[in-house]
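Just passing along the structure, written as structure tokens.
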Amino acid sequence: MSELLDVPVLTAWLKRADEMVAARQTYLSDLDAAIGDGDHGANLARGFHAVTAKLGTPADPAALFKTVGMTLIGTVGGASGPLYGSMFVEMGKAAAGKSALDAAAWADVLEAGVKGVAARGKAVPGEKTMLDALTPAVAAAKGAAGLSAALSAAAEAALQGAEATVSMIARKGRASYLGERSAGHADPGATSAALLLSALAEAAR
Amino acid sequence: MSELLDVPVLTAWLKRADEMVAARQTYLSDLDAAIGDGDHGANLARGFHAVTAKLGTPADPAALFKTVGMTLIGTVGGASGPLYGSMFVEMGKAAAGKSALDAAAWADVLEAGVKGVAARGKAVPGEKTMLDALTPAVAAAKGAAGLSAALSAAAEAALQGAEATVSMIARKGRASYLGERSAGHADPGATSAALLLSALAEAAR
Amino acid sequence: MKKLINAADKVVDEALAGMAAAHGDLIKVHFEPNFITRADAPVRGKVALVSGGGSGHEPLHGGFVGRGMLDAACPGAVFTSPTPDQILAATKAVDGGAGVLHIVKNYTGDVLNFEMAADLAKDEGVKVEAVIIDDDVAVQDSLYTAGRRGVGGTVLAEKICGGAAEAGQDLAAVAELCRKVNSNVRSMGLALTPCTVPHAGKPSFTLEEDEIEFGVGIHGEPGRKRIKMESADKLAEMLMEPIIADLPFKSEDKVLLFVNGLGGTPLVELYIVFRKAAEIAKAHGLTIARSLVGPYITSLEMAGTSISLLKLDDEMLRYWDAPVVTPGLRWGA
Amino acid sequence: MKKLINAADKVVDEALAGMAAAHGDLIKVHFEPNFITRADAPVRGKVALVSGGGSGHEPLHGGFVGRGMLDAACPGAVFTSPTPDQILAATKAVDGGAGVLHIVKNYTGDVLNFEMAADLAKDEGVKVEAVIIDDDVAVQDSLYTAGRRGVGGTVLAEKICGGAAEAGQDLAAVAELCRKVNSNVRSMGLALTPCTVPHAGKPSFTLEEDEIEFGVGIHGEPGRKRIKMESADKLAEMLMEPIIADLPFKSEDKVLLFVNGLGGTPLVELYIVFRKAAEIAKAHGLTIARSLVGPYITSLEMAGTSISLLKLDDEMLRYWDAPVVTPGLRWGA
């Protein structure tokens, strides 16, 4: 596998993400139906479908991330649209000027994206949101040596983080209205975040 | 059993009718649900309940029939309210001046009532209505010797008439909207008419 | 059967009490016998409009009482025609000396009870005319049936005649207008689900997940036939086709298109049906001059829709547009 | 899932086309991005009101566009907040130079998307203020949640602020009034049945024949708790009690009582609930000065109801009574 995330690899990522989200659309919506309003799968499917349609041939990772972010903001709606949208927009800013990202640069870019989510959502880890998958993923990426290891570690950490949301009581988003009834179900946003990071690990392989 | 229908016997009839309708309310409504709007049992239960409450001690059969008719008109609603109401009102007119009815008088009174139904409903036998029970009952009453035989024969004829409605296609009332789909179900009004005439045969026994 | 009720036999009385509490500025509710009049009834010198029928079709008829529409409505038990004493009392309460028009949906029960009430009212010196509404093209051979049912066209007749009565038209003219509306309107409906009469406690029929009742009335009864579920566009076509085939119209005619909800169907779906129905009407050269979309004549919680098409002339248009101030329909004032 | 639709992903576009066909005199429907404006937008010199949210709550919000209420509404996918580009386009389309008020129901998605749109609009030189509606007392510990949801109070805020904007109040005053309405209204709802989002194709939860969801929002989500079915009177009490406990009122206060249908519950049941809710309000010394009964903020075909109680002052009363001409709410003109 390549040791750099360049435009072709990132493009492959988003295509893979689109496929994986489409394949798990019902699953994600079912998770959301249990503690939310049952649209998370449809929202992301619509968004990533639009992303692959709009992507074209961006000049560099920054341009690519910006297009992804703006497309998600413009097509997803709901809470996850602005959140994932902000994540990619912030990743675009952090990637400015680079033609490709090595492991360290990727960890920084991802961190900037995740900070964007936290700022937009006014959320912290432990509140049963996508941040519970994304935050450990950043830490894992930072601690790994080499791009391949960083991507695998991030994907694995996100998956564990998503699984850990099962026992949490939601404090943010519409799942929080259920109070204690929200416990016992995985957070849909955390689950989709883990999905996106595994799509990246796969695409870069 | 008595050979005359006087006020006590007729009062007993209506009490028995109230009981029998109440006991078969669901059955009558179910019949109506199949080819109508499912309220025939509730309609008659409401009506005969009001009848027994209002009956008091009428001076003669004519007064009794009039009270029954007016009460049914005022409480039943739907198609069966004016129809059964008219039947009893007409029976009252036909019974005028008599303190009790023998077999022949009863047959005439019933005939007048049934003519009232036909006139009010602009219906003839064979259209899958209460007339398909009532018309053969009049004929049977006329052909029988003695009150007891007349009442039994009328009840039996009404029952057979009601059963014969199963194969008919409705031409009157809301069952007619079903066209051929109305076949295969007994007419609720014919069924309740048979019930009323068996109540009389029982009450006079 | 889960319903927001206290007891099946209190449904009508308690709902009427709720209407009285909610709309005291527009209507007055009378009990024993039950009827609703506009708050300022009787209106001296104005022809009064009285309608009624079983409960469970709300807002029809009680929600259409008020200035510019009905003077009184008589609610029967759920899906059961009201009794003559209710109709008689309402007729007398709203008679302003110019006579009373009974607008009666064509069901045996409604017709018979209104007929008896009209006879009694005439005996008491009230001038009464009755017009029967029978706009449902689902009922085909009207020779072998109780005739076509009165459905969506009733709402339109009540509004238009209410406008004419308010404008001072006399009884003969309002009755004539009502007959004109009736002969220019056609309707047809379908049900996706049954409904449950509180007294019965169970649905009036059952449908598979892919079946619908086509050509239903408004009393939870089965329709003309049971068919497989289709797309909204296809169903709109199946409803519009017999309506248009039956309505004597010519290209360029102005029409009012009314897409009605039977109770359980959300507005978002009714608009999808309206869209297609409007397309079909336009393809026949009709101009949709007025429209109405929503649950106006319902069948409790039944999911489904009915479409009504009314061919308009200037008189009908004028009185449709006239002010109306009722709980269920309101504009112009 | 039987629905009068053609395809899940066409529901919103086709319903919008239907609205355009039905209400061309009142509203204008724009596509890509989707938004609805009043037919005469922008109104020069008038503060413009923009709201929006997921589809499936009709008539909210699109049905409330028109003179005296909203200038624009932005419909998202079913139960999904609209995107910033829709809101931005709507904001620019209706800005008449006096600024734009965003009326936003308090859901994370709605808040975030409106926030982004407001930032973009401000960048383009439009004066924008936003008011968040959060009237749902079912959400208790607002510290540990996304805060109270915006539900029935939204309808009242849109109407009252629409009246004020029409009367020429400036942006600060209309926004202040909107905050006042919000701080004087409390709501709570319950569901007897779930609803089915077209995309999902199956109900969002299942309930036994004797169970209900208590304290629900308007997105088909489960409520605060699942309880056994009770009588209408008991349920009205259970909704009214937390509302009244939370609303700072004193005896003799004038209130607006709003009994809302969630979609699948017939009007006859809503009136039964209204009756009891009015009784309870009166027992607390409140005067029901105004009332609203019907399906105004819905959850597709969900059966259930919500109650909203708004403490009125003269300003709110005046603008509630002011003329409104929209597809979903209309009086005075």
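Note that the chains are named A, B, C and D in the order they appear, and that numbering of residues resets to 1 at the start of each chain.
Convention: a residue touches a chain if its C-beta (ideal position, glycine included) is under 8 Å from a C-beta of that chain, and two chains touch if they have at least 3 such contacts.
None of the values given here were measured: they were computed from a predicted structure.
Undergrad: Applying the touch definition from the top, give me the chains sitting in contact with each of chain C and chain D.
TA: none
Undergrad: Could you run down the chains that neighbour chain A and chain B together?
TA: Both chain A and chain B are touched by no common chain, going by the contact rule given at the top.
Undergrad: Can you tell me which chain lies farthest from chain D, using the average of the Cα atoms as each chain's centre?
TA: Here the answer is chain B, farthest from chain D.
Undergrad: What is the distance, in whole Å, between the centres of chain B and chain D, each centre taken as the mean of its C-alpha atoms?
TA: The computed centroid separation for chain B versus chain D comes out at 54 Å.
Undergrad: Which whole number of Å gives the spacing of the CA centres of chain A and chain D?
TA: 32
Undergrad: Taking each residue of chain B in turn, which ones touch at least two of the other chains?
TA: Residues: none.
Undergrad: Show the residues in chain C shared as contacts by 2 or more other chains, in ascending order.
TA: 78
Undergrad: Think of each chain as a node with edges to the chains it touches; is that a line, ring, star, complete or other?
TA: Chain contacts: open path, no cycle.
Undergrad: Taking all chains into account, which pairs touch?
TA: Listed by label, chains in contact pair as A-D, B-C, C-D.
Undergrad: Give every residue of chain D touching chain A within the complex, in rising order.
TA: Answer in residue numbers: 33, 54, 76-85, 107-109, 112-113, 115-116, 138-141, 144-146, 149, 197, 199-200, 204-205, 217, 219-222, 224-225.
Undergrad: Contact residues on chain C for chain D in the complex?
TA: 1-7, 11-12, 14-19, 21-23, 55-56, 58-59, 63, 78, 192-193, 209-210, 212, 229, 231-233, 235, 257, 259, 263-275, 278-279, 288, 291, 293, 295, 298, 300-301, 303, 305, 325, 327, 330-333
Undergrad: Would you tell me which residues of chain B are touching chain C in their complex?
TA: 29, 33, 35-39, 42-43, 46, 73-83, 120-121, 169-174, 176-179, 181
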